[in-house]
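Two complexes, one shared chain (subunit A), two partners (subunit B, subunit C).
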Partner chain A sequence: MTTAPELTQANKSHTKSLRASLSSKPQRLGDGIFAILLVVPGLALMAVVVAYPLVSALVTAFFKQSLVLPGREFVGLQNIIDVLQGNFFQLLQQTLVFTLGTTIAPFVIGFALALALNTQIRGTKIMRGLMLIPWLVPGVVVSFLWMWIFNANYGVMNAILEPFGIEPQAWLAQPGTAMFAVIVAKTWQSFPWMMVMLLAGLQTVPRELHEAAEMDGAGTIRRFFSITVPQLSGIIGLVVLLEFIWNFQHFDIIYVLTGGGPAGTTETFATSVYETAFHGFDLGRAGALGLLWLVLLMALVVVYVRFSEKGEKR
Partner chain B sequence: MTSTALPPAPSSPETMPAAPAKVSRPRRRAASALRSERPSVRLSAWIAVIVCGGFALLPVYWLLATSLTPRDQVFSYPPKLIPTEITLDAYTSLFANPQLFTYLQNSIIVSVVTAVLSVFVSAYMGYSFSKFRYRGRRQLMYFVLASQMFPQALLLVTLYSVFSAYGLLNTYTALVLSFTTFTLPLCVWMLKGFFDTIPDELIEAARVDGASRLRTIHSIVLPLAAPGLVAAGLFAFVRGWNDFIFALTLAGPDKQTLPPGLVNTYVGEAATAWPELMAASLVVSLPVAIAFMLLQRYLVSGMTAGAVKG
Partner chain C sequence: MSASPLPNPAFTRRRALQLFGLGAATVALAGCSPTGTSGAASGAAGLNGADPTDFAFASWSLTEEAAKPALEAIIADYEKANGVSVKPTAFPYNEYINQLMLQVTGGQFTGAAHVDVAWLGSLAATGKLQDLSSLAKGRGYTDAALTAATFDGVQYALPWTIGAIGLVTNSEILGKVGVAPDAFPTTIDDFEKTLKDLKGLGGGLIPYAASTKAAQLKDILIWMQTFGSPLVDGDTITIGDDASIEAVAWYKSLYDQGLIAADVDRFDARSLFAQGRAAIYDDAPVGRGAVTGESPDPDLGSKLVPVSRPVLAAGDTPRALVWGGAIAVVSGSGAATAGDFAQFATSDLDTILADYAVRGLPPATEDALSSDAIASDVFGTQFSERITATATANPLWAFTAYSQIEAEVADRVQAVLVGSSSPKDAMKEAGAAARKLAG
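Take a look at the complex of A and B:
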């Protein structure tokens, strides 16, 4: 079976965690084999559609290879050097601007809404449901909608801003505003998820803590920083980290809204790898860019996995 | 503020995607904030709801309004914030376009097959992760978790070549297989969460009564976890329905799903048919909205099981 090497690999590298994996669960003779058999179909599928493509994409980083022509030629680190000397740092900077913008803005909006909806003001249930709409609609619909709102000639954004003395802009077609517009669109899609997660967290904060603090004379703001934030620190860390990881590789909205333009100013790793491979047909360069991208991403994923493991042990 | 460092998170079971099912039930009212809010707190809550609510809902209103506006009135500036004339032309013109029905049919087939396949495979995997302890289990679980974070654009580089080599480009098979890259991890973690809530004693009892291991799964565990299977399947369906990048690249017009299909149909023309595009957007979003209405209880568990994202 294709998965056998992987299993042994996983086993070998972690024999020291043997103790951790022997638990108090009732086990019968042969259960181990049965348990692994259950995993085999899924693992085989993942080996075919995830592990193999990933490894093989990274291998192309060291070859000169075209999407449309057969054959390839080993070029060592040349692709990686080319990428680093090319627009890598511009892409890194733009990806970080996009990722930070689309993580911080939804967090602020989502947290504000979660706090507001956690009070006893009327209509919170209905509002909570309505606020989910932006998160429900498919990514391309988010793009269509904001493409229309930011339309240079007939867009409603220009019409709203004009009374405030802001000249009509071609939001998506000029380098200064395109990234901002893309971040707004992604923020609109992301904040409901933040809101739901943080609201779920807020509802686990014991009410007694707030009551006791209020008895001791702590004001609303004081209680927010001394009770709410520390109690939520775990969930805050989780949602910010996950959102950051997702946005670091986001593709749909950028691709449909601007296609990376104008003049490459909204290009991120995701759109650039895609363009290089499927419009430039340069698999080697796409692989090299992907390799560098994945290294950065995996650093984040390792942090996330550590974080989840800690949660599970508790 | 100084104490916001990450580690101490005493009362947040949400940090563990492993046991999401517990979180899904909304807590009792009593657990929320104080009953008698100060006026200033109430006021700021209202301001937050109105400002953020405007940001959330005005675009939705604009989508709806544009879809009901006659085509010639859309191309005027300044736009009419409240349409003076309402028409369903945009919706009827959708039905007149046979290509859209092809996309719709493809979307339904691919998303349904993806959901069924994902649930089927993940059920066994999730059960194994939940009820057995063996060496390498943790590592496998976190491989599955991390795999949904591998960038799709990068996977595509090779998936395209592989499918091309096997003549699978522009087939449902290619789309279904590529969709499982993100639905499988989601379903495995969600279902593991559901199986965790099934008491071990029940499984033991079945075994004592002489049921085989497989029989125990099929006649005891899966029926008990049926709501979980449905929820995971719906989440997988939605993720497949919303996919853009895989269907855009791996399929042509006759096998493409709605999201890339709509982009190809409407975007890039000199004058985009905005009312039709907004109407189509609304129609595409409907199945997702319905799925989530059914899913409300499992919303948070699905969200934490990872990456329920557009």
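Take a look at the complex of A and C:
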């Protein structure tokens, strides 16, 4: 049994320690540590779903490895040499043709439509909504739609051109027309995004600038090149660069529409890596191709980052 | 089942069996030269007294409108009888082997898988297929069918449908150029002349809807054999020899003359044939359901006539490619029940006959082949007599890298068709690439 003096003594000592703890300075988490703790979950997730597969795929570039057979053998730079001595430069050329085509065409169409929709004519709001539809359609659906349009034997395109005396064409099966067809399909899908971005930019251009220039006698074309384009240069650069980077990696429309054919004439880095890894089961070669592709993409990303930094400074 | 009203030549069940057997027996010869390094997954196949469990079943036919009802009925019957759930997995035929390989090697797929017998070597190389020899015993499979589903001496699958791919014609269109069903040209020269006559009919008719898309350009291999290429001599791939070059040059000349069309694979060919826009195309008996179901002509079924492939010189044996379906079991969850399902789907007589009524593919068991339902099917028996009877397996199937070899050849043939390469250069390159893949 505890006596009263003992209880009093215990209470005194507890109160003393409580005072001591309250009077001491609270433990503070440094800003740096706090920031690291915030970033750690994101970094961990990235390490698992991005960094590990990426590093693993790049390491594969130095091995002879099959997707379906066990084991692998270190071959040094042999896979990279094989790729460079193979069809790498043809792939680079075709990827650039596709990328340039699917960046320039949607930009021109998107810019023209943005200019039209930035006017006060009736129905622009409805048109803005309707124009977005191609962008909302999934890439695979877009591909099947255009596959049907461009089919050599029962396609809509040939049916449209036939009354004009144009012989039916195998749009997707001829080297001369297959890349054109793929670019058209991708352009149809991506011009709305360009249009929306450029329209947003156009709406920030002060109307007073145009009015002042008009009073000074500047015509429409002069105002376009001297006011609109300079005012939009930042956003134009950004959307063109982003579109270029995305198209450089584009896969689904090309793969579904032509599978890289005929005879490899629409093959790009994206479809070739897939074909090599998942149809040819050659992980080593696919890894080497992926490594070279990544190097080229990194160069584009550096340009993008520099451009963004420049924009921020402005 | 659709029975053609065309004249039925004297055809008995015994004769049908002989023909099925003769055609399929060739598989046995070709299947004897494996080069794989595969091994079966360990563990006894089948339930062996255990309770059935849920499992997955993969098939390309589940993506095809004409064939899907047959498979759905089999699945439903098995689920009802065993109180289990079968999870269907479907990929289109052209993508099937690659998707299945990825899922099997990645451990994402276990259970029963419908396979083309041509793919057994590639799938066996994964080491995940079960040896189904214990399930094959006493079920009445023909010896030839069992051999067709064997690779490297191991029964990796149970044979389901063993038939062939050959030429199918529209007798009404052929009649317009004076070619009777029983008088189809027997030599390549006469065949080409008939194609030119058909083109002369105009109206955008495609005389021969041969495959020209890379996905199905494997069809060129049977023409290479027709021109005299063995494809494989011993263990060496001979693509690039004079006969294969000649075959591709001839194919290119048909393409340039508009006797075959660009941008066609099996499924395009079926559509064109169904619409009456093509007179001849290559298919297995399963195509009958697809073309008649898709056609605006309700009588198309009665106009379908399978014919022997023309030969290089009169007297040569017509070539046809064995095309067989089988069910393999990928070891892992549900594999025991999947083995039981494979046995049920491929050897239960009522199930087979119900399946035949929809898909029309020749079954692999003796009792089914001798049944009235199959022996009285005119199209089926004509197909067996004129095509399956001389069908042979593709000797390239013996290589585990078969699908890659096929893709290499197809890409080069396509390059010839579009004018990017000469037949000689393309076939020499294809042969070199194929030999490299074969190891």
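List of remarks:
Here, the second predicted complex is superposed on the first by the 279 of 314 C-alpha atoms of A that agree within 3 Å, B and C clash if a C-alpha of one lies under 4 Å from a C-alpha of the other, contacts with A are read in each partner's own complex, and residues count from 1 in each chain.
Everything that follows uses one rule, which is that a contact is a pair of C-beta atoms (placed from the backbone, for glycine too) under 8 Å apart; a residue touches a chain by one contact, two chains touch by 3 or more.
These numbers were taken from a predicted model, which means no experiment stands behind them.
Of the two partner chains placed by the overlay, neither subunit B nor subunit C lies in contact with A:Val97. By the touch criterion defined above, A:Ala173 reaches subunit C but does not reach subunit B.
Partner contacting the larger number of subunit A residues, of subunit B and subunit C: B. By the document's definition of touching, both partners, subunit B and subunit C, reach A:Asn153.
By the touch criterion stated above, A:Phe278 is placed in contact with subunit B and with subunit C alike.
Once the two complexes are laid over each other on the shared chain, residue contacts for A:Leu67 go to subunit B and to subunit C alike.
In the superposition on chain A, contact is made by A:Gly264 with subunit C only, not with subunit B. Counting contacts by the rule stated earlier, residues 67, 153-154, 278 of subunit A appear in both its interface with subunit B and its interface with subunit C.
By the touch criterion stated above, subunit C contacts subunit A in their complex at residues 98, 101-102, 105, 122, 125-127, 204, 206, 212-215, 261-264, 268, 271-272, 275, 277, 401, 403-404, 407, 411, 414-415, 417-421. Subunit B contributes residues 1, 3-19, 23, 26-27, 30-35, 37-38, 40-42, 44-46, 48-49, 52-53, 55-57, 59-60, 62-63, 66, 74-79, 81, 121-122, 124-125, 127-129, 131-140, 142-147, 149-162, 177-178, 180-181, 184, 188, 200, 204, 207, 213, 241-242, 244-245, 249, 259-260, 262-263, 266-267, 274, 277-278, 281, 284-285, 288-289, 292, 299-300, 303-304, 306-310 to its touches with subunit A in the complex.
Every residue of subunit A that touches subunit C in the complex is listed here, in rising order: 67-70, 151-154, 168, 170, 172-175, 259, 261-265, 278-281.
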